[in-house]
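This report concerns only the one structure given below.
Each chain carries a letter (A, B, C and D) given by its place in the written order, and its residues are counted from 1.
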Amino acid sequence: MSHIHLPDGVIPPFWWITGLILCLALLWIFAGRIKKDEVRRKIPFAGVIGALMLIFMSVPLGILPVHLNLAVLCGILAGPGLGFVAVFAVNTILALIGHGGFTVIGLNTLLMGGEAILGYYIFRAASGRLGSASSAVTANILALLLSTVLMILIVGTSVGLGEALLPHDHTHESVHAGEDHIDDRENNSESHSGEIKDARFLFLTGWTAVIAVILAGILLESLVTGLIVSFFSKVRPDLLKPAAEG
Amino acid sequence: MEHLIKVKCIRHVYPDKTEVDICGLDFVVRPGERVVILGPNGAGKTTLLSHILGLLSPVEGQVEVMGMKPDKDFNKVRKHIGIVFQNVDEQIIGPRVYDDIAFTLRNEGFSRQETEDRVSEVAAMLGLEDILEKIPHYLSGGQKKKVALAGAVSMMPEILILDEPFDGLDPKSKSEMIDMLNRLNGEKGITLVITTHDINIVPRIADLIYVINKGKIVTKGSPADVFAEVEMLREANLEPPILTDLFDRLAKKGYPLTAPASIDNALEQLEMILGGQVQDEERIVSG
Amino acid sequence: MEHLIKVKCIRHVYPDKTEVDICGLDFVVRPGERVVILGPNGAGKTTLLSHILGLLSPVEGQVEVMGMKPDKDFNKVRKHIGIVFQNVDEQIIGPRVYDDIAFTLRNEGFSRQETEDRVSEVAAMLGLEDILEKIPHYLSGGQKKKVALAGAVSMMPEILILDEPFDGLDPKSKSEMIDMLNRLNGEKGITLVITTHDINIVPRIADLIYVINKGKIVTKGSPADVFAEVEMLREANLEPPILTDLFDRLAKKGYPLTAPASIDNALEQLEMILGGQVQDEERIVSG
Amino acid sequence: MHIAAIDHMANNGDSFLHNARPITKVSMALLFLVSLIVTNHIFKALILLAIPIALILLSRVNVREILHLAAYPLVFSILFALIRIQQSWVAGLLVMTKALGAALNMLLLIATTPYTDLFGIFSYVLPGPIIDVFIFTYRSLFILLDKLENMMKSIRLRGGFHPVRILFNLKNTAGALGVMTIHAFDMSERLYRIYSLRGYKGKIPLSREWEPLKPVDGFLLLFSLIVLTGVFIPWNI
């Protein structure tokens, strides 16, 4: 959910440069924290996680105008540090194919990597009380809601509240046009409440639909995460023993 | 129907511009036949099967399965074909063996009772009763192949397509697999289309062989006929089965031998021409 | 050194509690030998190799490679062993074929010039000169196997370990692979340890065979000896090579034949005992 | 998948851009990117958009594939443009031009430069383990894509895909993803083993030798510097 598909040239330099610096700092910290004797096992693992995320994003879901992201799942499986590193690799590769701007890789990584980190900790906290599938769903919902709020704040503050944007749902490429109108609507209805009238010709419904789309996206992803995790708990429960931090 | 499958000189272009031609003779499969496709690595065997399954559409040429175009009538054709891919790991989807065998049945809306009956029947046929509750991930290679086969025959398809089904199996499991396939063919009348690099077992499983090489179907014929064309085989990175080769060379030297279908048959033929050569004492010594 | 590898009755427990025993005879490999390990699916062949490589640690028993414990002295032992796993796709690391062959060399700190020379040498030996600049995922299955082999021998290891290297290759490519391995053994003195299910090629590549079954190494011996123990082989889901089987059965009937190493040798032996049987007219007719 | 197609262009293409040194192409992409970001003039921006388009045409890559990928940032920038349009039409157009131009620059780079060369250049600025993660991600991606493709084929053939039954598809797709994820973890374990055996110590050695620049490199660098300068000089239009 949190993947801001922000193009280059929209966010002011101060913000994306700060994001980039923060992101690189975290990368250095996480890379340094991989212990020397574990590096041989963990680096291929992070690579595989990154590849999995790229693949999850490319899976068509029938006519649903949504694609999966599953940062939380990757956080649960890889742990916060490796999860973050994998997210960075994913965002960079996506930026290279024009999927999100190159300059906003830092911000994108902070948000999506934030989901991975948050998801990991929530999952760990919840799995003491709940089953692994419900923990995963809980972690997914909470982490996505939080990152969505965070993103609204970042985008809102940086672009200026008057132009604040809500996150874009993971729109599948073939059906962008339809979905993007919904996004337009949400942006406008939130930030330009005074101008809603002007924008009416583009949009038929208002706030309820916006919230519905966001929630549907979050629920869908949580559902898939839950299904996959419940499958793991049957087949490879060892993978769900929370990965070590780092 | 005269033929179940008919493929006429197709050309396929992969997204990266790799061109695969499968031209020359027509590829025709008749009901109840056991057809084996041979050819070197990269000849286009898997590509041909993908066209028959409707997974690919040819740029040129015609593919017909039961009178339909598999790429257009995918959902109709699919119901008549069972398939076992080379890498069965990528084919087994169910969380338990039972679920995997039941996968297609459930998708096609069989009732719970029907599904259960059908799974039991197939499991009994392939000797999988004891592992129905197991998680496929932990099965041995041979067991996984059987599960994939069970999933493929659960709908009792007219045609069963197998891409290198004997890979990685030990000799006994391979023999069992062959027997199982021959039983499916004999008892249920299922038509078999198989690719393999294991030449030596081909006489045990083939009524008809097609050889693909360099973009052409270069030969079709019974195992005896095809394996007699040694030059053509070598051309296609292939070789005749060992026994066929041996007997062929002996025959060329004038001995009245024909390509044997099995080791027992080979023994018989050899004994015939050797008949009476051995002295009794020798026989006692080495027996 | 008397032996390069010695494994004594190990027991391994996988994380999911699967126990694998490899007991019975000691597994001993001497310098320059070509050793083939046979056994049914799930016998523990790959598990044994993993122990020799130091990837696993035994719960019980001893593993010794060049006098060291491979799990403890992993970084020392590793340098003496080249390895080709069954799934070569995952084994090819280098972004380009050149980088992949050079991977270990660079990790071990060879200079640029040394690396280049060594890569050229290995590439020439395996016929890979033309694809050094290619990216691995565009190679064919056979080419990938060769690249993996090149990466494994780049350090000129004393020991080369291959887990089912012939899987999925067409007969000619398989033959080439065998020749290549025999050349590495003959010219460079590299010791070979190979697992395979392809019994018929074993006589061409083995000096010594070990058979593992049901947690035990049940036999060791030359191909001729091992393949003579038909009962034991069947017990282990195996069978003798076709020619061996045929000749063995003929020998049991009293004909003076010994297990042939190749089809040519088989022909010779048969002609010997058939000698002079054929009438001249016949020869003309069928010749 | 698009990454595979792009990868193929980069590796099999043959044009002056494919032949230029990777460092040149990366510098050029960055210079163009900076030019685009600092430009606030619609005509300059349009020229900056025209440049990658021209270069893409000249580099004879698969234009359809590039267009397909470019549709994404284009459609997305419309969203932002719509906001700006309320200030002025030009502002809206500017946002779109910038976004599309930047994306085309990246696509031009990746379609003419093999990923190994790109990662080699990233390795000057990023820590070693991160570069290795890139390489592993990329390689695993291709292996796993093959697996997934086969799995989806299998699901389709076994009646597990229906054009309109979304939940039904979702369930089966989740199943396939789950199985693939498990295979992926097994694979990562095997990768770990094989890499360890082949002497991996946390740094994949890339051939990173300095290759002398060729005339084409000089030309491209000069060109992008001129462009950058052009952005800063005020024009009288």
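Methods note: a residue touches a chain if its C-beta (ideal position, glycine included) is under 8 Å from a C-beta of that chain, and two chains touch if they have at least 3 such contacts.
What you are looking at is a predicted structure, and each value in this text was computed from that prediction instead of being measured.
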Both-way neighbours, i.e. chains that touch chain D and touch chain B: A, C
Of C-D and A-D, the pair with more C-beta contacts is A-D
Separation of chain C from chain D, taking each centre as the mean of its C-alpha atoms, in whole Å: 42
Taking each chain's centre as the mean of its CA atoms, chain B sits from chain C at a distance in Å of 27
Between chain A and chain D, what is the separation of their C-alpha centroids in Å? 19
In whole angstrom, the CA-centroid distance of chain A from chain B equals 46
Interface hub residues of chain D, defined as touching at least two other chains: 8, 135, 139, 143, 175, 179, 182, 187, 191, 195-196, 200-201
Within chain A, the set of residues that touch 2 or more other chains is 231, 235-236
Numbers and ranges of chain C residues touching at least 2 other chains: 16, 138
Show me, using the given definition of touch, all chain pairs that touch one another. A-B, A-D, B-C, B-D, C-D
The answer for chain B against chain C in the complex is residues 16, 39-42, 86, 138, 140-142, 164, 167-174, 197, 199-200, 234, 237-239, 241-243, 245-246, 249-256, 263, 266-267, 270-271, 273-274, 277-279, 282-283, 285-287
Chain D to chain A touching residues, read off their complex: 1-3, 6, 33, 36-37, 68-73, 75-80, 82-83, 86, 95, 98-100, 102-104, 106-107, 109-110, 118, 126-130, 132-141, 143-145, 148, 162-166, 169-171, 173-175, 177-182, 184-185, 187-188, 191-192, 195-196, 200-202
Which residues of chain C touch chain D in the complex? 50, 53, 55, 74, 78-79, 81, 83, 85, 87, 89-91, 93, 95-96, 98-99, 102-104, 106-108, 112, 135-138, 151
The residues of chain D that touch chain C in their complex are 7-8, 11, 114-116, 119, 135, 139, 142-143, 187, 190-191, 193-201, 204-207, 209
Per the touch rule, the chain A residues reaching chain B in their complex are 231, 234-236
